[in-house]
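In the two complexes that follow, subunit A is the common piece, with subunit B as its partner first and subunit C second.
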Partner chain A sequence: MARTAVRGRLTWQVATVTSVAEETDSVRTIGLEVPGWPGHRAGQHLDVRLTAEDGYTAERSYSVATADGEPVAITVERLDDGEVSPYLTADLRAGDELELRGPIGRWFVWDTSDGGPLLLVAGGSGVVPLRAILRHRQRSGSDVPLRLLYSSRTLADVIYHRELDQYRDGAQVIYTLTRSQPPGWTGYSGRVDAAMLAQIAWPASQHPLAFVCGPTRFVETVAEQLVAVGYPPGRVKTERFGGT
Partner chain B sequence: MSSPVSRGFRHLRRPSAGEEGRVPPGQYVTQGFPVLSAGPTPHTPLPEWTFSIRQGGDTLKSWTWPEFQELPAQTVTADIHCVTRWSKLNTLWRGVSVDTLLGQVEHDAPYVLAFCDGGYTANLPVKDVTDGRAWVAFDYDGQPLQAEHGGPARLLVPHLYFWKSAKWVRGLELLDHDEPGFWETYGYHIYGDPWREQRYAGD
Partner chain C sequence: MMLDGNAIGGLLHEVFGTEMTDAEATCATCGAVGPLAETVVYLRGPGTVVRCRNCSGVLMVISQIHGVNCVDVGGLTALDPRRAG
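Moving on, here comes the complex of A and B:
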């Protein structure tokens, strides 16, 4: 389907799980075969619908973890008190079918024409849509300078670690670990704060574009600090998840 | 098309007493109060805050914060439904009915566009913000509304998805036509009825 097609209703369709890959103890990437997927922009999400044997259904939204042109995948973190994520991260197998619709959302998206420099700030599984931006930048051969500041609790909680370590050519990934650091750790320690952002964020004079994704408290703090150092609020795009 | 059954997927959340019939399709009940917004939280000092009703470039009426506080306020208990799928039941608000505000101007406009700090807007039919269906709320759960939840004041239109309850609201623009607001421009439904699951454009 042409990207310029008139947008009608996003219809539910059956997708097939092609792969499951454990990213950490509680995070899994699920590869999906979606017939007729119309393509997506980096940062968009899709909705998943599960149906139980008794007909009960539950829906949730997940960011698309891959770049446009790559097979569709989502990366799901298990929330122990959740209803959908424990199933997706434990029971789901390659070959299973589920329903989805998408892509959804046109605000928290980046395309090469949006330029940069790009500052991506991720807390925990908030890295997922930002990884899609990284991959899209890479695949499209963009030379927009990019920095990803990624906050995790421990080294074992870092999602996409091996992949993120491989970015070069103007894409720089900087980690901070908030709970514990392994011996010889050379990244940052502790929560993202004003001092850390002062070292990592592009100066406002370079007209950067920021994407911030993570738990609400994390996003509030980072967005506020970026505005404080001169980022126009309209250049700080946020996406939040989780409780209060 | 029949939906594939996910073997092993179980219904964990049963409606509690008093919840039946109050949770729209695709929603689940949360006890927390999650936050959804597109950018940094604006902080407008109260001495600079006004609430205005505009039409065609004219300001028909405007209140300062102290003037707004003089208006008759109502206590509202409502169930709210966010498009990201959480619903929260029995939320407690205090605010001024939009009937009170629009009652102070002469107009016959069929639509409003709520405008907000941070550049947000949300479009609504006038019939959805009148007859006791909408408020400009400044207290939540007995406390001044926090900035991250839309304070100092947000629109409260509980019968529509909660993005229509625009945060950091600063006024209403009266319009003779429906004009998509912020989220409506970025892919969300023009009207947003949770009971008809109008989440995204075209639903």
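Moving on, here comes the complex of A and C:
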């Protein structure tokens, strides 16, 4: 009866891994079957808890990679000195069980009623919750104009590359590669800066809504620049990750 | 590790019994008002420290002692959870 005990209570529960799919050399998407999952909103995350034989536990948060109404999935980047991600990206198999709780978050969330135009800015695996927003927009038939600026080290590090290249109908994905660019690269090069944002960001006069997700330094730089060009701080939603 | 209030959404829910990332926090040091999601959060210390993004004042400290969450909210003058939409 635990599941029906208190509505809205966040409790740890056991999910089953339904699939694992490699996105890049160091990133994989893990499909999950979560009994009684109440549904999630684009941008939310969940907490994963691993317990060692001696009882030691480690918890980490991962963004839900899918849109509302789709099966739950998380996309995890392997950090070689991490405590949790090496297990999730190397050892975990379909059929394995995983302890988690969620969905979590109500601030870094986009619903179609929030409108736009939307500016999404991703650094590395910060693209995960923004991909959920893209998918939610697509699945709900929303025509809110959307631009995703995605900063990645190299082309091989771009997560969801094939999917992101397919968006049309008012959704535009723009890449910048910071470390190396393949021959004939026509996207941006280098870190996201004020000049790049000036070309890509919707003018503040259009009352855009921005979501910025990535490593702490990346998020702070981008958020400061957006506020500097007139985005009200309350319209720049940020989520920082960092990791072990 | 310096993150933000989103990272402790689960812990906040555990402590307050409801979703708190969009709760509005008022800093006792400088008076700044903003959602908990946008605060500065230090994880993995002896406790979780939540600081004001405007003045860096400590808003809240959550420590776990023998499995019990101890919460110090002395740095807040107000904390308003929004009504669930």
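The definition used in the following text is that the second predicted complex is superposed on the first by the 234 of 244 C-alpha atoms of A that agree within 3 Å, B and C clash if a C-alpha of one lies under 4 Å from a C-alpha of the other, contacts with A are read in each partner's own complex, and residues count from 1 in each chain.
Assume contacts are C-beta pairs under 8 Å (C-beta built on N, C-alpha and C of every residue); 3 or more make two chains touch, one makes a residue touch a chain.
This is a predicted model, so every value here is computed, not measured.
**Student:** Overlaying the two complexes on subunit A, which is it for subunit B and subunit C: clash or fit?
**Tutor:** After superposition on subunit A, which the two structures share, subunit B runs into subunit C.
**Student:** Is A:S61 touching the first partner subunit B, the second partner subunit C, both, or neither of them?
**Tutor:** Touch partners of A:S61: subunit B and subunit C.
**Student:** Looking at the overlay, what does A:R240 touch: subunit B (first), subunit C (second), both, or neither?
**Tutor:** So A:R240 meets both subunit B and subunit C here.
**Student:** In the overlay, answer first, second, both or neither for which of subunit B and subunit C A:L226 touches.
**Tutor:** A:L226 contacts subunit B only, not subunit C.
**Student:** In the superposed arrangement, does A:Q199 touch subunit B (first), subunit C (second), both or neither?
**Tutor:** neither
**Student:** For A:R9, decide between first (touching subunit B), second (touching subunit C), both and neither.
**Tutor:** Touch partners of A:R9: subunit B and subunit C.
**Student:** Which partner chains sit in contact with A:G105 here, subunit B, subunit C, both or neither? Use first/second/both/neither.
**Tutor:** both
**Student:** Contacts for A:T216 in the overlay, against subunit B (first) and subunit C (second): which applies, first, second, both or neither?
**Tutor:** In the superposition, A:T216 touches subunit B and subunit C alike.
**Student:** Counting only touches as set out at the top, which of subunit B and subunit C does A:D96 meet: first, second, both, neither?
**Tutor:** first
**Student:** May I ask you to name which of subunit B and subunit C touches more residues of subunit A?
**Tutor:** Of the two chains, more subunit A residues are contacted by B.
**Student:** A:T186 in the overlay: touching subunit B, subunit C, both, or neither? Say first, second, both or neither.
**Tutor:** In the superposition, A:T186 touches no partner, neither subunit B nor subunit C.
**Student:** Pick out the stretch of subunit B that clashes with subunit C after the overlay, from 8-16, 80-88 or 98-106.
**Tutor:** Superposition on chain A puts subunit C right on top of 80-88.
**Student:** Which residues would you name on subunit A as touching subunit B in one complex and subunit C in the other?
**Tutor:** 8-10, 59, 61, 104-108, 216, 233, 237-238, 240-244.
**Student:** Can you name the residues of subunit A that touch subunit B in the complex?
**Tutor:** Interface residues on subunit A, with respect to subunit B: 7-10, 12-14, 49-54, 56-61, 83, 87, 91-92, 96-99, 104-108, 216, 220, 223-224, 226-227, 233-234, 236-238, 240-244.
**Student:** Would you tell me which residues of subunit C are touching subunit A in their complex?
**Tutor:** Answer in residue numbers: 1-7, 9-10, 13-14, 17-19, 21-22, 34-38, 44, 82, 84-85.
**Student:** In their shared complex, at which residues does subunit A touch subunit C?
**Tutor:** For subunit A paired with subunit C, touching residues are 8-10, 45-47, 59, 61, 101-102, 104-108, 216, 233, 237-244.
**Student:** Subunit A touches which residues of subunit B in the complex?
**Tutor:** 1, 3-13, 26, 28, 30, 32-42, 84-85, 118-119, 148, 183, 185-187, 200-203
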